[in-house]
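In what follows, chain A forms one complex with chain B and a second complex with chain C.
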Partner chain A sequence: MHIPDGFIPYWQCAIYYVILIIALYFASRWARNNLDEKRIPLMAVLAAGIFAIMSMNLPIPFGTSGHMVGGTLVAIVFLAPEAAILVFTVVLLIQALLFGDGGITALGANVLNMAIIGGGVGLLTFKGLKNFIGKYPAIGIGAWLATFISAEFCAIEMIIAGKFPLIIGLTSMGILHAFIGIIEAVLTVIVIYVLEKYRPDLLAWNRKRKSNELVI
Partner chain B sequence: MNINEALDLDALSSQNSIVHNLEGRIKLIAVLVIIVFTVYSNQLLVPVVMEIFLLIMIFLANLSFINSFKRIALLLPFGGFIILFQPFIHPGAIIWQSSVSWLHITDLGLNWAILLAARLIVSLTAIVLLSSTSPVQEIVQSFRKLGMPKDLAMILSIMVRFLFVFIDELSAIRTAQKSRNFNIHSKLTPYKWRIKQVGYTIGMMFLKAFEKGENVYFSMISRCFSDNSQLYSSKKNINLSDYSYLALIIILMAILQVTVMFFNQDLGYLGIVLYS
Partner chain C sequence: MEKGNKYLIIMGIVLCIVIACLSPFLASADPDGLEKSAEDSALSEDAAVSVVESPFPDYTLGDSKLGEIVALIIGIVITITLGFGVAYIVKKHD
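What follows is the complex of A and B.
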């Protein structure tokens, strides 16, 4: 899903960069208001962890392999898509500059797909469904939907750029990421389960509840 | 992306050569300028000449051509997947027709496929050159010196310091799993079980990341870290050879641009001028 350099026309790249700058402004404001000075080391080390997690190749049915993205994971842990934006901007920048994984000119588009849409869709789905179907199924559906919709957005961006046929582009990216999304969903659920079991204080919903109890 | 690749890169980028010794900011600007200039050009001449220039730089940096090409080849799949569609989706003169009426290759489509492949190869070669001749910290420091917002620069700087710690951490976990005969890709164990183990591994990595983040924070505040803290940057002056390198690239691009404008009709694969 990492769009490389040279596939998106420059005026479209400029639009995605403007979206990235606006998103970074709001993400920085959120971090200042919610994480104090702890935000910098926490986000930095988390970004390094996400980078390592993304480097793990996972087996996917049909003989291919892929890796976890983690946009939904970060957004759900902090209950804020802004966290995913901050983490993924630095992760994708380093991936592009060191490993050529995703383009420098396409950085705005890649952050939009994986962090803004991925984190946002995952978190909104989780928040919307958790009271109806339970916490873990909502996390799973959120992560799956985030992967699927991010991939479709990536396809739409390539279609707008004139580099992807409409039907085949949407279908091929959709089918492939529907499978990858299942793995992303299972892994996101397991990771949240592990966090809830061993360090519940790290999850934003537990922190909020705790602070309420203290107030009462 | 391979985690061993990151460790190899660190060793590669610490070598000594004309290109390695250039100032970090100059190398970063040069690569960004080459990528932007190449990917927004519609004439095949531009990527071909820029690729030759980058290959000369790789030679001067004493880097292995085989290893560089291997790295580029590993990064081609997603871009290659999109390129595969190009000959079939652009309108133009049909140069091959299948038995199915809608499946045909056009000259303009073929041009786009070749141009996109050339752009992709140049941008990946530029990244391979940058990452093989500049240590990660040097790249990050260059971003800071070029005016990256403080918070983002700080996150980036601390992130790359811990990148290798986590890569080591993950390698240790994998070695421990391997010593117990665990293989993610082995079909001898049920798929569900393997995914569950991977989930636990990622969960542990996430926990370690958080805990390390907290420890880093505590050690930073114990050393008087605050919102007003500045990161240390080593001073390295830009000298004549750095300016010359950048000037060479700009002159090369100017010559290319003039040539493309002057001989517009004669350039491009199959004699067709491409428009975006």
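What follows is the complex of A and C.
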């Protein structure tokens, strides 16, 4: 889902950069209030893990491949899409400058899709469903929906850029990412399950519960 | 740093390096979702350009599998370092 340079006209890239700057303002404000020193290593390790897993493209139907993105993972671990914005700005900047994966001019659009939309949709879906279907199914559906919706946002950006036709763009991105979303769902559930098993203290949902109990 | 976080970092880096070693052999070379949609949209392959010249284009270093592994490991080290740096700058100040 990494948009390269050249797909989006520069004036539109500028708009996405403005969104990125506003997002980074809110993300740093979140960090100043919530990111304690104990969870810094987790954030750094998640960034490296996301960088690594993005190299592991798995085959899906139609001679296509896809990899985990991780926006939902970061947003649920910290219960904040702001955390995903920080992590993805770092990862996507490195990928754009050093590895030619995703354009530097498209950085704003790529953070918008993968972190703001991806993290936001994943977290909201999780929060909305967890009390009805349980934590892990809610994570899986959140991760799948995050992949699907962010792909459609990416398609819309490409349509606005005049690169994809409306129907073909939405259909093609939608169908392919419906499959890629399965990869995202399975891996997101596994990583959060492992963290819950070995380092439950790092997951924001365990901290929230504790502070609520104190309040009650 | 507390012991649990040292363990987290070590396990995290080990897992990333395992992925880096497997990826060049296992990862699918098929176009990804966006590339395939660009094909479906009959978008010319020349549409994608590079504004900056990256030192490791497409995660390669030379044209060997070993080079790909090295490029990925360099990326992992830079990402975790910058991740620490950014998180440390924006962290909660008591």
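We adopt the following convention: the second predicted complex is superposed on the first by the 195 of 216 C-alpha atoms of A that agree within 3 Å, B and C clash if a C-alpha of one lies under 4 Å from a C-alpha of the other, contacts with A are read in each partner's own complex, and residues count from 1 in each chain.
The rule we apply is simple: a residue touches a chain if its C-beta (ideal position, glycine included) is under 8 Å from a C-beta of that chain, and two chains touch if they have at least 3 such contacts.
All of these numbers come straight from a predicted model, not from anything done at the bench.
*Asks:* Record, for the superposition on chain A, whether partners chain B and chain C clash or fit.
*Replies:* clash
*Asks:* May I ask you to decide whether A:I94 touches chain B, chain C, both, or neither, giving the answer as first, second, both or neither?
*Replies:* both
*Asks:* Looking at A:L42, would you say it contacts chain B, chain C, both, or neither? Reply first, second, both or neither.
*Replies:* A:L42 contacts both chain B and chain C.
*Asks:* With the two structures laid over each other on chain A, which partner does A:A151 touch: chain B (first), chain C (second), both, or neither?
*Replies:* After superposition on chain A, A:A151 lies in contact with chain C alone.
*Asks:* Does chain B (first) or chain C (second) touch A:P137, or do both, or does neither?
*Replies:* neither
*Asks:* Would you check which partner chain A:I180 touches, where first means chain B only, second means chain C only, and both and neither mean what they say?
*Replies:* Second partner only, chain C.
*Asks:* Considering only the touch criterion stated at the top, classify A:I190 as touching first (chain B), second (chain C), both, or neither.
*Replies:* The answer is first: A:I190 touches chain B but not chain C.
*Asks:* So, A:N34: does it touch chain B (first), chain C (second), both, or neither?
*Replies:* Touch status of A:N34: second partner only.
*Asks:* Check whether A:P165 is in contact with chain B, with chain C, with both or with neither, and answer first, second, both or neither.
*Replies:* After superposition on chain A, A:P165 lies in contact with both partners, chain B and chain C.
*Asks:* What stretch of chain B clashes with chain C when the complexes are fitted on chain A: 98-106, 134-142, 152-160 or 260-268?
*Replies:* 152-160
*Asks:* Where on chain A do chain B and chain C both make contact?
*Replies:* Touching chain B and chain C on chain A: residues 1-7, 28, 31, 37-38, 40-49, 51-53, 55-59, 65, 86, 89-91, 93-101, 103-105, 158, 163-165, 168-169, 199, 202.
*Asks:* Under the definition above, what is the set of chain B residues touching chain A in their complex?
*Replies:* 1-3, 5-6, 9, 32, 35-36, 38-40, 71-72, 75, 78-79, 82, 85-86, 88-90, 112, 116, 119-120, 123-124, 127-128, 130-131, 136, 139, 149, 151-152, 154-163, 165-167, 169-170, 184-185, 191, 194-196, 198-214, 216-217, 220-221, 225-227, 276
*Asks:* In the complex of these two chains, what residues of chain C are touching chain A?
*Replies:* Those residues of chain C that touch chain A are 1-2, 4-5, 8-9, 12-13, 15-16, 19-20, 22-23, 26-38, 40-41, 43, 47-52, 54-59, 71-72, 74-76, 78-84, 86-88, 90-93.
*Asks:* Touching residues of chain A toward chain C in the complex: what are they?
*Replies:* Against chain C, chain A makes touches at 1-7, 27-28, 31-38, 40-49, 51-53, 55-60, 62-67, 86-87, 89-91, 93-101, 103-105, 151, 154-155, 158, 163-165, 168-169, 172-173, 176-177, 180, 199, 201-202.
*Asks:* Under the stated contact criterion, what part of chain A meets chain B in this complex?
*Replies:* Chain A residues touching chain B: 1-7, 9-10, 24, 28, 31, 37-59, 61, 65, 68, 73, 86, 89-91, 93-101, 103-105, 158, 162-165, 168-169, 183, 186-187, 189-191, 193-195, 198-199, 202.
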